[in-house]
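Order as written gives the chain letters A, B, C and D; numbering starts at 1 within each chain.
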């Protein structure tokens, strides 16, 4: 998972992109990058490991000249998180000069690598699939060129062929030197991308933004135009004129359900669906399932695991008519472990991030709500923490269904055998976690909670149901991914 | 406000002090410093602006050799936050070699500066009152010396005279080169300091810690021995033996009430009083006052301003029997504003840190609970934000009484005229803030909420009632402080 | 002027390239860069402003993995010395992935920029002519591709077309990802490039080096193979096999005479001519001219301006039978001027770098020898310094002829109107400099001094005689260069 | 050996001190430090490892406010060169606040450390004898205080007692916060210190400088007042008024002969003796000795080892009537060795710094002149280099006598057993070095060469004759020094 933003403004965009990346920081904290372009076509770029506020100094910001630009916060899903060379954006200098940022994950990387090397003679200096994507785009743009200057139509032709060659999930933003800003989204719209505008005063151009989440628009005073459609490409030229075209043959919206479960900020609206509302609805539906599977007297209080499970927990409490309490305190500050010569690495426990208030637990039957359970290691520690704080019994409920399959569309999920629910029944998982009762959201309830009131037909729920919408994710592929992660 | 920690261990203490400072990070984020001492008496020190994780690199940590050390996170109360020279610890090299960290604020700094310069010929290179404190201690320790080696009694004599010379609040920890670790607390115990131990195995020394908050002990596996008493000094020698003595003539415990209101982490226990429980009790008593002053139908839901008001808000909701909701989302990530050449500074609004969920506000009469109201500027913006999100009416309640007087004991509170409640009646404040109803905790209720079940007699509540326990804080002093802050 | 080096080794080359750049440091001190390639084709690169020892930290060196690599020290001739983005090497990722370093200066940059942009759609992000060169090479290599893998012949074809498109001087080294190291020299061989080998033991590959000067070879234990011929390209594949081909239609060696006058280290052998020996011969011939134009009694002692004029001065002294003395002390350490707020920049005088020993000058008629006179400002200050130190009279002699024309082949020489000898007779220059007598080397004597004993036919002496061997350097071009330097 | 400078100006002194340190850079390259004081008494200090230009960034310089200051370049003689904590200046905060820099070496450090610790209870955090010196000064200044403000007489009293307590060599400069600049020199004047003034215009104060070498004065436009006398102290108050007093009981000038042999820059005048002239005279006297001990036909040419032996070599050549040639080229640029993981450290040879021109050596009997021979390892390599370059025979001559004893007054000279001349006859040394003939200056000739024309009576020549002027340097002491260097 990553966060991306692009802007075309009437003045310098560096500070606005920086501010936008801060708002997207929850989507990735491994590295940060910004690129800007001057109207002459000269690019400026700075990228570094770490969060936004760690990665940029005043001198770095001052060098980012230009009224058009893009930015990226990275959560490593592929390749090595600590290799600064894998930080985005990526740059290629022909044709025109391109810089690109990308949220998502390509699933035919082996084929693309091979093609790029053997057919296109392009050099890939990292294992980043973003480097693949910018090279495929460059290649196809090269092939589209018919005259001078570049027209939006040529760009769209190139994106059409990118859709044909590339598989997986991708929301991408690129700068084309001397021409404008391009943004496009894969034909299934798995990863989010939203378009906003600040209408210019008389004589001024409009200013545009594309970003992973709507709160970027809201915060910077842009009005929402719409989500970029699955398969669509938008191109904003240097005069601030928007061009848009559907570039996929058979586009269909399958947004990633995990955005609603956990990834997105609650104050975002994604594909027309308010994230916060979906989380409330998840709580309501989860309450019914809890009521079905646990005796009423097994629960004295409902507690969220902060912060993301709070809305669901509030609704569970309201619907079950049980008191809502906050028994955990979350520590906001994290630091590093320094390995001194001769010392071994120490394991950081969940206790450094979470603390239980004994008076909330002592002698009570507690129902803990979390947004989801992936590996189960954190849940296990939290359950033990509740017991240590005096809980009489611990019921654990997940606002998402069991995660039984890898997420190959841009979330760094472990190998199948590391997923606690992979190959286990719910009672077996409960035993592994050490809770008295364990309740999961039903798959159909999650789908309904997200889609209620929307005209969207379906979602990517592959990590829950094993159905991969892009069609080419085989067991062989999953085994390869698991193998390459271990190395 | 600052956070301090000191340790005497059987192995290197650098990583443990670093971890402790992370846990105390909420007490100060302006600068960070650690000093350690080798048994030979050689000190190592690193201090820098910024939070813990920003201020220390691997090479800095590696240089911090020794089994005894101390650390500090700073929230600038006096002097210039951005001057790295004012970061703690402070070092003086005679007698013995001392490094010292300090949480609190001295109120007779003008007299001390004068004495140190004219009588003691000591040079003060900054405006930090910590530099004053370490110099007074050094001076008095010099005067105590009778032979070699230094005895704990001599150290205690010096602390006695420090208590006589120094006025204000101070919890302090010092290393005496080649001898041990000293910790002491002012005769009114205004600022907190707690002592912990890890009993050594057979043949091993005990390991000791002193820290601003108990959670440091809990997290690192120390058992709580007790709070350092007001006026008391403890000295742990290099063999891990604890010496303790009451060094004040007429000590009396007046802990700072603001620790319970806002400063301390809820999972800390301070002076035997669990912070979280006091916040719950503040909520209960506030509920009564709210019920007294606002019509029941004026409130549909109760909401906390996250994070610190959550416990109080939960109790208000429970006691009033009104639904508790979380309508605000708090952004965890903050960054800097870069001033580009030719640009003016932009004002950061509260919207960058807080966002309202419209569905929680639309058409509702909301009761917002905050821990306290100081300047009122944030409260005003939050109230407006609730209205913008659709609230029908907004009642605002503060879990603390009106802040009408400066806090001179270590919290960076503004001049009297900047306090929204200074010289205003409650209705006038309500009008200023723009809320429909405004309710403050009663002063006696706050006192009772904190002291309930404790045998502590009184608190420092000076910012609420204008009664300064150290006795020497005059109008002339307050005017001087306000004047020097403006310059 | 710049220094370049490339290596293909049997082990890591980073430290050897670093050491080589130190030996070439006299050729450029504005920025330093190294790129290496792993056998997998992955590049690693680090470049920064400043001298070698300033630009590289341990962590930078450790990241430079691979047994093949190249390096560059830069003396800014075009573009902005302080823009880190103009530091070499330059990278393009298609075809194959290329990094390139370059010593020299292209003279048809306007045409190339235009072609690259309009025809080849390549983006140039800087004003560096090295970025032009790597893009032309990339373009032509793209056009040469017929199959997989790349053959040396295809590389040579590309170089052939580079020779056709590019004008000016260039000695260049490039890495082709996954294939090998390419080095080539312009068809007139203006800038130097020499090839060396360390023969591998049984079963081991040979190791190769190409560098600007022979002393790199000598110092690292390589034996000299030969100078790369004008127009020739050499390609060393990953198995350490050397391929070589003449790629120019009508190559002819015109080495830059200024290398012998000033640029090269005296212990280098360039195009088969030992630099030190040429400087001795320049002294001998200069002695004759001095004898012709100055009365014998006008000179009591001969003194060099240290360090480069020393060999010539020794020979002048010997041939004239006059005592050789060292009257100037040269300070090795230079630093920066810091502009404090409110201060104006201060002018650094030659006195900070040179000091005169009064006893060597007092009452003497001195003959000062310098390698050349360009602007004349330094010479003027030195002459005044000699007078201040007590010289009775000052004769000044230049081992090179009058510099009357710009040097467009890679030396940062000022506009024509800034050259003290441009448009002035020798007596006029003498008056301007303030010396009693002024003697210049004759143009033919310089040519003879360099070429004596060599079978090389001619030299580039354009800055002395205005004859530009590349044929396309017009007055219009010189005016454009002068104009763009001023802006 | 170190270089020191202090200034009292009418404007900011930071840039002038920086420029002065560059001129003194030859005296030390391990670390650099500057401290300044504002008239309010606030100190600013920056010190770091490395040469001047490496150690200071713009922001460091900008923070060095004030019209009075001092600086230091360090050549580690004691303690660990790489420990940044040992960089000068050193600061103590009582009495008054002192910062001090020091050139020299104390020989009773063991006694002083003991006294400071046991009697004065002062903490020494490093092994630096400068930290000792500033603490002794602080202690004695504390004892001198009678009233307020501080008078120059009190400062002089303190220096008197410093002379009594401290043994060894020391030229020192200190700032006394709020009062002025103090400079003093040990009672034997072993290390140099010179005083200069820039007379103020009407209404302006005079500006003062003290520095290790006169060229600092000359370069910055100060006129020489005089050398600070042995045992003398000068104190310049904040009004720019100079106070001076002889503070030693029985002062006697014994300047270090090694300054003239090697340390000082040739353009300095030290104790009234021009360094350059002494080196010429060393050459003249050495010529006589060479003539006495070597057959005339054994020498075809005379060559210096650059740079410091040049003046002596010129005089040897002139006096012997043999041609002077420069056969060695000296490389100015040096860098680091990076230890890659798994690699061993490589030995840097003298070849990286020196290169021989074959044509100057081929078939010739060469006489090489160096300033001195210490360990002999460099000389041995140079002799071999001359032979490799074709020399028929190599005669080696040292402008200084055999170094047979450690230099304890501030030059980092090895243990006795590492000195090639320790315990060896001259023929044995010649054999060890591998030269055909070896000639050393006679001890009395060195003395005469330096003192000729001066009324100074004697010199410190301890490393040649084993006579230590401070009287307390025993065999036991030398053995202790050698032992502690090895650890």
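By definition in this document, a contact is a pair of C-beta atoms (placed from the backbone, for glycine too) under 8 Å apart; a residue touches a chain by one contact, two chains touch by 3 or more.
Computed from a predicted model, the values in this text were never measured in an experiment.
Engineer: Shared touching chains for chain B and chain C?
Structural biologist: Both-contact set = A, D.
Engineer: Quick one: which chain's Cα centre is the longest way from chain D's?
Structural biologist: A
Engineer: Whole-Å distance, chain A centre to chain D centre, using C-alpha means?
Structural biologist: The mean C-alpha positions of chain A and chain D differ by 63 Å.
Engineer: Just curious, how far off is chain D from chain B if you go by their C-alpha centres, in Å?
Structural biologist: The computed centroid separation for chain B versus chain D comes out at 51 Å.
Engineer: Distance between chain A and chain B based on Cα centroids, please, to the nearest Å.
Structural biologist: 37
Engineer: Would you give the residues of chain C that are in contact with at least 2 other chains, written as numbers and ranges?
Structural biologist: Residues: none.
Engineer: Considering only which chains touch which, how would you classify the arrangement: line, ring, star, complete or other?
Structural biologist: Graph shape, chains as nodes and touching pairs as edges: a ring.
Engineer: If two chains touch, include that pair; go through all of them.
Structural biologist: A-B, A-C, B-D, C-D
Engineer: Considering only the defined contacts, which chain C positions touch chain D in the complex?
Structural biologist: Residue list for chain C touching chain D: 12, 14-15, 18-19, 22-23, 25-26, 51-54, 56, 58, 61-62, 215, 219, 265-267, 274, 276-277, 280, 310-311, 314, 318, 323-326, 329, 331-341, 346, 351-352, 355-357, 359.
Engineer: For the complex, give me every residue of chain A touching chain C.
Structural biologist: Touch residues, chain A against chain C: 41-43, 92-98, 118, 120-126, 135, 138, 142, 145, 148, 177-178.
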